[in-house]
Each structure stands twice: as C-alpha cells, then as structure tokens.
Amino acid sequence: MDTGPTKDGLLHTSDYLRYGRQMILDGFGLEGQVKLQRSSVVVVGAGGLGCPALQYLAAAGVGRIGIIDHDKVELSNLQRQILHSEQTIGQQKARSAAEAIQRTNSNVQVNPVTEMLNPLNAISLLQSYDVILDCTDNAPTRYLLSDTAVRLGKPLVSGAAQKYEGQLYIYNLGKDGPCYRCIFPKPPASQTAGTCEETGILGVVTGIIGNMQALETIKLITGLHDGNATLLLFSAIGSPAFRTIKLRARKPTCPACGQGEMSHIIEETDYITFCGGARPNWLEQGLMTG
Amino acid sequence: MDTGPTKDGLLHTSDYLRYGRQMILDGFGLEGQVKLQRSSVVVVGAGGLGCPALQYLAAAGVGRIGIIDHDKVELSNLQRQILHSEQTIGQQKARSAAEAIQRTNSNVQVNPVTEMLNPLNAISLLQSYDVILDCTDNAPTRYLLSDTAVRLGKPLVSGAAQKYEGQLYIYNLGKDGPCYRCIFPKPPASQTAGTCEETGILGVVTGIIGNMQALETIKLITGLHDGNATLLLFSAIGSPAFRTIKLRARKPTCPACGQGEMSHIIEETDYITFCGGARPNWLEQGLMTG
Amino acid sequence: MSTITVKVEFGGGLELLFGNKRVHSISLPSSVPTDGTIAPSNSETPPPAKSDDPPLPINGPIRDLTNGPGEAKTKPLDVQYLMHYLRTRLLTERPELFMEGDTVRPGILVLINDTDWELEGEGAYEISDGDDIVFISTLHGG
Amino acid sequence: MSTITVKVEFGGGLELLFGNKRVHSISLPSSVPTDGTIAPSNSETPPPAKSDDPPLPINGPIRDLTNGPGEAKTKPLDVQYLMHYLRTRLLTERPELFMEGDTVRPGILVLINDTDWELEGEGAYEISDGDDIVFISTLHGG
C-alpha cells in the first residue's frame, strides 16, 4: 500500500490520506505532520495511562515510540488497560501494547522494552527520545524519571490517577518549568502513597488522563503548546470536573534542576529509601543495595 | 475461565478479579458492578467518539452494548478511530468495533447494527437500551436522536468534536434536563455545520470527549451522577482547556419535550430539510421523500 | 460616565468571523443608547469604546448620537448592545453567520460567566465589569 | 471585627482525613491571633469561627485568649492560621497525614484560587472573602 518517501518529508504518499483530517487544521498542516513523523516519544508504563496515550500517539503518526514495562498482562488489568486483551494475558505488557499499536499504524517504529526502569539504565533507555511520558504507578520511579528528564534536558509529561481522580503535569518544560522535586522536594510518607491495586481506580479516569498526556505531547512536538507549565486536576465526581492550576517556576535551590544542581543526583539517590521503602522492589531484583 | 453465575448477581466468579479495581471504590462496590452488568447502552456512530466510548464501556463491564454504524472503515479513519485497524479497512465499522471490544471483554453481549439510523427505525433500534450515546457526525441525526430519546424517556449522552474543540451534553436527563431542541430549537444554516472531513479534527480530541461520554454513562448507570445537566466545553489549544457550563432547564414550550409536546414529531419532521439539506443523505437511500 | 471591561470569547468556529482571535478584552461605556446605535470611535460622550484589537473597518451603519444631553435615551450596558457592538466593530466577515435579526443565529449558544444566557436574562443581562461572555457555535462532528 | 468566608476543598485522598467531605465553607474572623492559638468555639471576641460542618471533637490544644483587648497580638487571617484551624477543628483522623511541623506534610500541594500557593506567599497569604483554597495530595497511581 505504501510507496516510499515523498518529496516533502512524509514517509508515504498514503500518509496524506491517513493524516489528512489533522493536516488540514490551522496551525498543524504538513509541517506538523512531518514534525510528528520525525519525532520520538517514550512511554514508561503500558498500563492504565500508557495504553490510551500510546494509542493516540501511534494513530497521530509519531515516528518512533518506545514502550518500557516489565510487567505481564493480568485479567485485573483489562478493566482499564485497553491495548491488552484476554488473548494477551500472561504476555509482556510492552509487547502486547506494541502489537496493538502496530495494528493501527504499521508505519510507526515501535521499540518495546521489558526491562524494569532503574537508576542504572534510565539514562541509556530514555536518551534517544524527544519526549518522555510518565505513565508509572509509584513514587520512586516518578522521582527517577524526573531526575533523568532534567539530566537529559527533555520535557516529562506526567500523568497520575487514583480512585476517581487524575492529575497531569509537564515537568522540566522549557527554560523555566519546574521539575517534580521543585514542587515536591520531599517524598510523601510511604503509607500515604497507595497504588491502584490498594486504592482502586475507575478505568476511564486513566483513559482521560492518558489521552491528555498524548494531547500535550502532540502539542509539544508540533509547536501548538503555549509553553506554560500548568497542572490539570480532574475529578470524575467533582464539579467542575477539571481545573487548571498555575504552577511555580523552576526553583534555583532545587537539588535536581537548580543552579547548584547535584551532577550525580541519580547515582547518589537511593530512590527506595528516599520514598520510605515504597514500591518498586528494586531490592528484590538485586539492582540496589539499600 | 469463567465458571457460571455467582450468588450475588455477578455473572462470573472471575469478575471479582477483572473488576476488582473499581469494585473497591467508595460509592461503586459490588452494587455498582451489578448495575453495570444489568445495564444496556447503545452507541450510535463507531467513529472518533464511538470508539473510545465503546472501549471503556466494554472494559468496565456494561452488560449489553449496541453499536449502530452503516459506514465502512477507511484509511483516513485510523488517525482517530482507534478500534479499527489496517486489517479491518473495508469492513463495516460496527463489526470491526464489535470484534475489538469482544477481544477485551468476551462477557459483554455486543449487538452490531449496520443499518443507517433513520426516522423509521430509530425507535425500534434504540428502545431496548438504558442509555443512548450520540457519537454521530451530522445535525439531522443529532435532532433525530434527541427526539427519539425524549420519546423513549432515556438519557442521551451527546458528544461532538471538530478541529481542536469538543463539547459534551447530556440531554433529557431526569425530570428537568433539556433536550437538544430546548437549547437549539432551530438548526444552524447548513453552511455552518461542517463535518470532520471538511473542517478537520485532531484525533485525540475525539478521544477525550469519547472518554467523557463513557464516564458520564457509567456515572448515570451506577448512580454516581449528580443529576445536573451541564455542558462541558473543551479546547485542546485553549486555556483553561475545559469549562463546565450550567444549562437551562427543560422548556415547557419545547415542541419535542415540552408540555404541548408533538406526539408525532419524529414522524412529522423532515430532518434533512429541517437542517437545510445537510448530511446524511437519506434521500439517496430512498428512506425519505424530501 | 464609567467604563466597563468585558472579556469576550469565541469558539466552535465563530472565532473565524472575528479575525481568528478567540479571546478579546473590550471596554465599553456603562451606559449606552437604547436604540442599538453604536457610538462612533471618535465620539467623546459617551467615552469611546475600546478593545485590545487593532482598529477594524466599520461594517455596520454608524449614526452620530445627535440627541442633546437631556434627550439621549440610555440604558445600562447589556448583552444586546454587546452583540450589536461586536457585529459592527469586531466582526470581519459574514455577519449572517453571527446574528439573525436582533439575536444570535441558530446554533450559537451564549454563555455568561459559565452559565447559559437563558438563565441570566439573555440580551437583557446587564454587564458588570470583569464579566466573561462566550459565544460558541454548536459542533456536529464526531 | 468582620468575618471572612473561605471555600476549602480537599482532594487526592486528603478528604478522607476530613470526614470524607471534599468541599467545606468556613467562616473565620478577619483578624486572628499571631501565635497560632485557635479561638475556642464559645469565645465572643474574636467572633466564633463557623463552618457548615457539624461540630467536631477538638483534636488540638485549645488555649483561652487571655490577652486583654490592648495586648492581643493579631494579624490578618492567613493560610497559616487556616491550616492550624483545619487541623484543630475539622480534621477527624491522622493529623500527621495533613501537617508536619508548621506546614503541610510532603506530597501536599496548596492551591489558592487555582494558583500554586508558592506564587502567593504560601502560609503568609492573606485570605480575602470568597477565596477558594485547595489542599491536594499528589497521586502516584497509573
């Protein structure tokens, strides 16, 4: 069906048909489509947030997509992790998700990674991508992703969801955007940081936040984003359901992104102890000596 | 895997595992899950809005789902209609979508309908469902769906999306909620009502509105909805992106839902002429004599 | 006579009729003629209407306020006046897609501070300083 | 002495510490003691703090305002006082999950009228009538 590169930068002549509905938009155009096609995005976590984000990033034509997840698909995931299916129960989530998005768009280059992200591999796994999506489910990995995004100088589109609520931040945005440590310098006590398993989650809440992560990523890549670091709060049972919050600027005193930035913060942080021993259990995996 | 009905109303013992993450939520519980399982929802339009809505309704465990769409899958749909795939191009959208959601949840009873909804079949196609989702793309069908929802006394969760914007209404909600004609008694001139084909659409905008349609439907079924008819406005490039609007009550003078309600409004409305000759082309299909 | 500043927003495609700009800040006199006359920009009394937009060609009929000070029939600034002002001063093309007769055309919803204008008195709503008024076209796509 | 009414909202699970109620409307005196003392409910001067919540057991230390009228050190109502008020009067369990020392515990973000409180002076922000103050816990799930 596809007949090789076109003169103007699109990969295939059929792409005019596939992406035509967005290419005719004001402010998007052929230029936006070529930017998407030349871009690369890595999604950390192929769960409730990662699945919908991946779906729309692939459909929109992002050129290269990394998927990092070391978990396997379980029946309890299918209530919200909509790229997986009854047939892929027991498979690696990264591979199940990769196959699903390839069915939608075989032109996208997809790189599934089934290693667990940890302080030793984070830089090498993430450095080849333009934008990083935090679709994970625990505080230590969220701090690690933020520190790594700062080190690599890349925006981190971070989603979170629990029960009926969701939150969306873009960290390390542009010259002034705060990192996760600018806003939360100290991690919460581990007893307050529940997982979806413990606290529950209404599936479609992850859908809405994951969709917003895909949207913000597409805006960053195509230049539609206004550059302001805001926080989007969502409550499925609140009224109003959404509110947009103006956030502080990057803090000069931040140990990760500030002026006296610790150049070895990733290597010198024991993320598990830092977060009070919460998940993930890197200790069991022998990756860290706590 | 599934081992027959359980004593307390769930279909299968494995459902405790599948839906556990939402069943442990405050205000949801086993009761909410049984309500979902005993409910039926019909999604009119398996396109940009219908696909994400269907995905989360099926994943959450709605018992019976109807899908009404007479179109076939085209390459230009894959930018946003995320239940279809390169392999299902040329197939009926209703069947492609039905197969996709059955892969996620084989316990859901799915009824694909490949007829075009029209004034002669609307009542019979929609009357067996508890909630109706308007995921269509044209004004005449939107008026027809509203009039039919009023006649049947069912809530109509109506989404719309064009370019960078989306809108979500629930029509005919409870005793006081307005219908489409209460708010827009006269249809707009046809030259102002563009389709996605003509005006373009950023795919993930339909994702966000379709997700919100699934959410509102789940809230209506489980009793989590507060009963207020509001309008949600979304702009992917606006700030704030979302705003919630308080809507008027049902109008006593409305020809569809008011006190002097025309009992044959569906039979007596020529929806095509009413909407200035805009799509869909029921005339070509010989269904109406304009 | 005092001045009222109102935030006007367009959506659902209506922004295309207003120079493709979605948000406008507009200053208008708190007291305006009852007859729908839009004061010309160089008028001193009432004070000139201002906006943050560049000057635009005047599309509608402009009449001088010929009433003497004692005769001028005025009313508090309301949404009715604002609509006429927008059509006359801000609209750049196809006025028939914005208004029909004395109100917005079918398919347009007016929102006053995030509330359906029907709950606020529609055109008769008296505008306060800082109000946020949205004109939005209903969407049909999916 | 006048009274200020403030809307207080809890999210991200914090509502569980406050009777599982997300939105509270609270009336407080516009001038409060500087030393963090929370006036007892039966005090007449300053006027009693009120809220739309049912009376709750008092969890924190309550001292009488023993200063005479000329000696009482007061300050305008600020977020610092509000936090102590919430902990003392509204919180129903596990105070250590709300505050740590003199501020909110790590992982809680305070929002003043939809703005990060750090941009508004944090605890020193002086509360105006009608302000909307949100205490939200950061989420980690996905």
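A, B, C and D label the chains in the order they appear, each numbered from 1.
In this section, a contact is a pair of C-beta atoms (placed from the backbone, for glycine too) under 8 Å apart; a residue touches a chain by one contact, two chains touch by 3 or more.
None of the values given here were measured: they were computed from a predicted structure.
Colleague: Just give me the whole-number Å value for how far the CA centre of subunit A lies from that of subunit D.
Modeller: 35
Colleague: Based only on mean CA positions, could you tell me how far subunit C sits from subunit D in angstrom?
Modeller: A distance of 43 Å separates the two centres.
Colleague: Multi-chain contacts only, two chains or more: what residues does subunit C have there?
Modeller: Residue numbers touching two or more other chains: none in subunit C.
Colleague: Pull out every residue in subunit A that's touching 2 or more other chains.
Modeller: 26, 163, 196, 199, 201, 243-244
Colleague: Draw the chains as dots and join the ones that touch; what shape do you get: line, ring, star, complete or other?
Modeller: It is a line, because the chains touch in a row without closing up.
Colleague: What pairs of chains are touching here?
Modeller: Those chain pairs satisfying the definition are A-B, A-D, B-C.
Colleague: Inside the complex, what are the residues of subunit B that reach subunit C?
Modeller: For this pair, the touching residues of subunit B are 45, 47-50, 135-139, 142, 159-163, 165-167, 183-189, 191-196, 199, 201, 206, 231, 233, 235, 238, 243-248.
Colleague: Flag every residue of subunit D that touches subunit A in the complex, lowest number first.
Modeller: 11-13, 22, 96-97, 105-109, 111, 114-116, 118-119, 134, 136-142
Colleague: Quick check: in the complex, which residue numbers of subunit B touch subunit A?
Modeller: Going by the criterion above, the answer is residues 14, 17-28, 52, 55-56, 59-61, 75-76, 78-80, 82, 84-87, 103-106, 163-164, 196-197, 199-205, 207-208, 211-212, 214-215, 218-219, 224, 226, 228, 230, 232, 236-237, 239-244.
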